[in-house]
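Heads up, there are several structures right after this.
In the two assemblies presented below, chain A is common to both, partnered first by chain B and then by chain C.
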Partner chain A sequence: MKRIRRTMVVLLAFWKLNWLEELQYRGNFVASLLSTVFWLAMAMLTVALYFGHTTQLGGWGYWDVVVLLGVFNALTGVVETVLRPGIGHLPTDVRSGALDLVLVRPVDAQFYVSFRRLDVWRLADVVLGLGLSAYALAQTGRSVGVWQIVSFIVTFAVAIAVVYSIWVTLMSFAFWFVAVENMATLFDAVIDAARYPVSAYPGALRFVFVYLIPIAWTTTIPASALTGRLDPSLAMWAVVVGVAALGASRLLWRVALKRYTSAGG
Partner chain B sequence: MAARSRVATLRDQYAELLRSAFLVDLQYRASIAIWLVWGITEPIISFAIWWSIAAGGAVDGYTRDGFARYFFGVALVNQATLSWDAWNIDRWIREGEMNHRLTRPIAPIHEAIADNIAYKGPTAAIILAVWVVASIFWPAVRIPFEPGRWALGIVAIGLAAAIRFFNGYATGLLAFWTTRATALVELQFGISLFLSGRIAPLSLLPPRVVHVAQYLWFPYVLSFPVEILTGAVTTWQQYARGYAGQLVWLAIWLLLYLLVWTRGRRHYGAVGG
Partner chain C sequence: MPNAIVATNLTKTYDVKVRDPGIKGALAALVRPRYRQVRAVDSVSFAIERGDAVAFLGPNGAGKTTTLKMLTGLLFPSAGRAEVAEHDPWTGGNPFRRRIAFVLGNKQQLLWDLPAEESFRLNRAIYGVSLADYTTRRAELVELLVLGELIDKPVRQLSLGERMKCELAAALLHQPEVLFLDEPTLGLDLDAQQTIRTFLGEYRRRHGATILLTSHYMADVTALASRVLIINRGRLLHDGELSELVTRIAPIKRIELVLSEPVPRARLEEYGTVAHYAPPRATLEVPRETATAASTRLLTDLAVADLSIQDPPIEEVIRIAFGETEQDAGAEAEAPRADVRRAPP
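What follows is the complex of A and B.
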């Protein structure tokens, strides 16, 4: 308990410095906002193109898919704000030996490495994404009740846990494959599949996305919660998946960290 | 002793640049495998979605099998014509790595060309091999045996790679003036999703969009070579229009590169330390 409090104190100090630094680069905020709006527009045009030739994708209507797109954007916003600048930097630290400086600190190394840096401007992606979901939801004309909101909050938290676990897993490989610089690219490749409901994919891919690379739990499930198609039992399973993913990645991290011998220098 | 001809010198320089680029790629083969995976996920996802849409029958003439052939073509041509140099240039200029490149007796673009050949040759060959093996087990992705058409396709792929290369390189060189040159590359990348036929064959786009696209370089760098391979390009008029578009845009981007390079180098000299 004391360790956790100590870690939080250290992190808060880092975030404060980090915030002051980011304030100097306010131009980046406008640039990243424009970029997000542009890519959201491209994504919506893509969906519009598909729906020019069909009336549903895996049982989802146009606005339902846009709800999911909003969730996708919010989730990648979390990735860009926290994960990429934090744990995404791990392979570089392993290669250069900078991880030494983390390990000697009296804090939990995984926790510290994961949350040491925030690209605060990218939080705008989360806001834009959730805004798009809300707008699309209004277009579907569905009423949104308490259950929808609560189950969305729970399943979105699960989605963050799953995405975080994927990052921890990929980045832990850096301890084995020191020369591989672009491990994060594997995440970028895989997560692109989460732009569409998992039911739109052929059976074999669907199996992969539910059980092997669990991205079905990252966007399809929270968007199902919002559009009122989520079975309560599936929500329970989502929580199980989230906890299991966190546990498994924590285990892998500990095994991986034992391999670290420091680059020295 | 007679002076060595410029051609012979350039040939030797290229042999050396290619050899070193190959060796570097061999060293980073795991990273390259990851880039390869990243490159093919986009066509796979698009294919999967169209596969699901085409469940009820052909979509504007494209059956499930037709989509399979098209996206195999997209994966291959895209790998052979990718352009990433803008990000390198951006880094070189920002971190000062451009300086030692400027002192060499050979322009940095030759190093980039060698890197491109060393990377795209083997990785495109891997995708081609996968396509060949896949077509043994999956007749739907077989393309008609027409060596003449394949040869025309290879020429178109080469021209497409050259256009995309000079396009990316010239845009990247804008980093001499601005820190957001890569944003311009991303902008083109986003537009090319549609106008190059990356997420759908052009014939599935609204006709007005296709009409605008043909006046830009986008269709000639991906859609045209792919449609030669899949057999969608049939008449000599279509071939003529495609190759003409490729040559015109290659000339334009080559000239723009020369312009930006000569001007930018001077500008850089003025501010660089």
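What follows is the complex of A and C.
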């Protein structure tokens, strides 16, 4: 209990500092907002082009796919707000030796590295994304019940856990190979596949996205929850996947850190 | 006094990739990397009492920083043991980390865009310092380091010296018992160097902190530490008083003369080695034991206006120390190089 309280105190201290830092660069906000609006418009146009030829994409209607697009954008917002500036910075820290200054402090290094920085303006992406989902949901004419909301919150949390785990996994390679900035680019390429429902992909790819690179769990499942097509048992499985992903990435982190301290940077 | 730092046969071996020059070599290293074992720290043992200040000297790559990294728990040793502030650095975890501080002259923990004060507050949260303690310690550090308004300015606007002073303050807010300082005055102007030296001495007196520092500047060492550890090629060459080092490694005294009448160089050679000859001044080097006798003879035989007996400058002693060992150590260091092994798949 005391430990959780201490962790929260440190977390709040980080975020307060980030807020102070970011206030100096307000211009960023406008630029990132515009780029998100532009990106969303382009993405919707792409979807509209598809639907000019068909009425279904993997069993999803136009507005259902837009709901998913909103979820995708909200998740991207989380990545840009927390992950890229935090754990995404790990390779640089390893190379410059700045990680040493983290490791001598009485704080969990993974926690420190992951949450020390927030790009707060990119939270706008989360808001815009969720707003788009809500709008698209209204367009489908479906009623939204408590179950949909609750299962969405749970599965979206799982989505964040999965994406975070993927980042930790990719960035941990920095302890072996040092220069791994391209891993972030690899992530961008892979996560792009999550812009469409996983059912739209051929069987082999679907298998990969569900079991190997679990991005099916990042957008398809939360969007399914919102559009009322999520089976309760699948929601349970999502929680299992989220916890397993976090556990596995934590394990890898510890092995990587052990290597770092035994090999020396 | 109990010991704050004990190192027993501390050893660190690195695998270093061996690569032939050129593109062909680079490709070969990529496909089938070969490794060479390098002993960065070789069976180093020493103990430092609580409240002592000890300087760690040696040329670049001698193993100083590696040793500090092992003692702070950043690196696992390949062999040997250590105990710092009553903890094993590698298993001590957060309770251990709360009792030490590690300041690296070439790395900064302060947030670049914000005033140092904000970094202080972050450290208060990280180290769990109570508000009352924080307020007193902060006031004390601001006073001793003469920080004044510096802590309200964004760090990016501070000079290197000012930044280092703030770094030190940030590292000491949790009042660590053991301080590891790696080149704390590196690249600073003389004024800032002096402030930091005075500060560290005063801080140690007030709080009984133990200090282990590495430095390139002899003035850091003479001002702060009575004891020096000298390391070269991973081996501990000397552990003792600074003055002992002088006696052991360079058992000579320097006699500095100001002559009132011209004396030819050859005439001076009768009394000792002429290290420096620029009439009317001259410097003679004589064996330690005969320094007094030589001085007496000089004073009776020649027209001497002024005479003083001095220890050789520390820089020179260190140079002699390393110069001598370079040859002996050289032969030994070559041996393990044959030990090239293939990396495990």
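The definition used in the following text is that the second predicted complex is superposed on the first by the 253 of 265 C-alpha atoms of A that agree within 3 Å, B and C clash if a C-alpha of one lies under 4 Å from a C-alpha of the other, contacts with A are read in each partner's own complex, and residues count from 1 in each chain.
Keep this in mind: a contact is a pair of C-beta atoms (placed from the backbone, for glycine too) under 8 Å apart; a residue touches a chain by one contact, two chains touch by 3 or more.
Predicted model, so just to flag it, every value in this text is computed and none were measured.
Because the two structures share chain A, they can be overlaid on it, and in that overlay chain B and chain C fit beside each other without clashing. Comparing chain C and chain B on the residues of chain A they touch gives the larger count to B.
In the superposition on chain A, A:Met1 makes contact with neither chain B nor chain C. Residue contacts after overlaying the shared chain place A:Leu103 against chain C, while chain B stays out of touching range. With chain A used for the fit, chain A forms the apex of an angle whose arms reach the C-alpha centres of chain B and chain C; rounded to a multiple of 10, it measures 90°. Legend: residue contacts after superposition of the two complexes on their common chain; A:Ser35 is shown touching chain B, with no touch to chain C. When the two complexes are overlaid on their common chain A, residue A:Leu49 makes contact with chain B while staying clear of chain C.
For the pair chain B and chain C, the model built by superposing on chain A gives 7 Å as the shortest CA-CA distance. By the touch criterion stated above, chain A contacts chain B in their complex at residues 31, 35, 38-39, 42, 45-46, 49-50, 52-54, 57-58, 177, 179-183, 185-186, 188-190, 192-193, 195-196, 200-202, 205. Taken together, the chain C residues at the contact with chain A in this complex read 12, 14-15, 40, 66, 69, 72-76, 90, 93-95, 97-98, 100-102, 104, 107, 109, 111, 113-114, 118, 121-122, 124-128.
Chain B contributes residues 27-28, 30-31, 34-35, 37-38, 41-42, 45, 48-53, 59-60, 180, 183, 186-187, 190, 193-194, 199-200, 204-206 to its touches with chain A in the complex. Contacts from chain A toward chain C in the complex involve residues 6, 9-10, 12-14, 17, 20-21, 24, 96-98, 100-101, 103-107, 258, 261-264.
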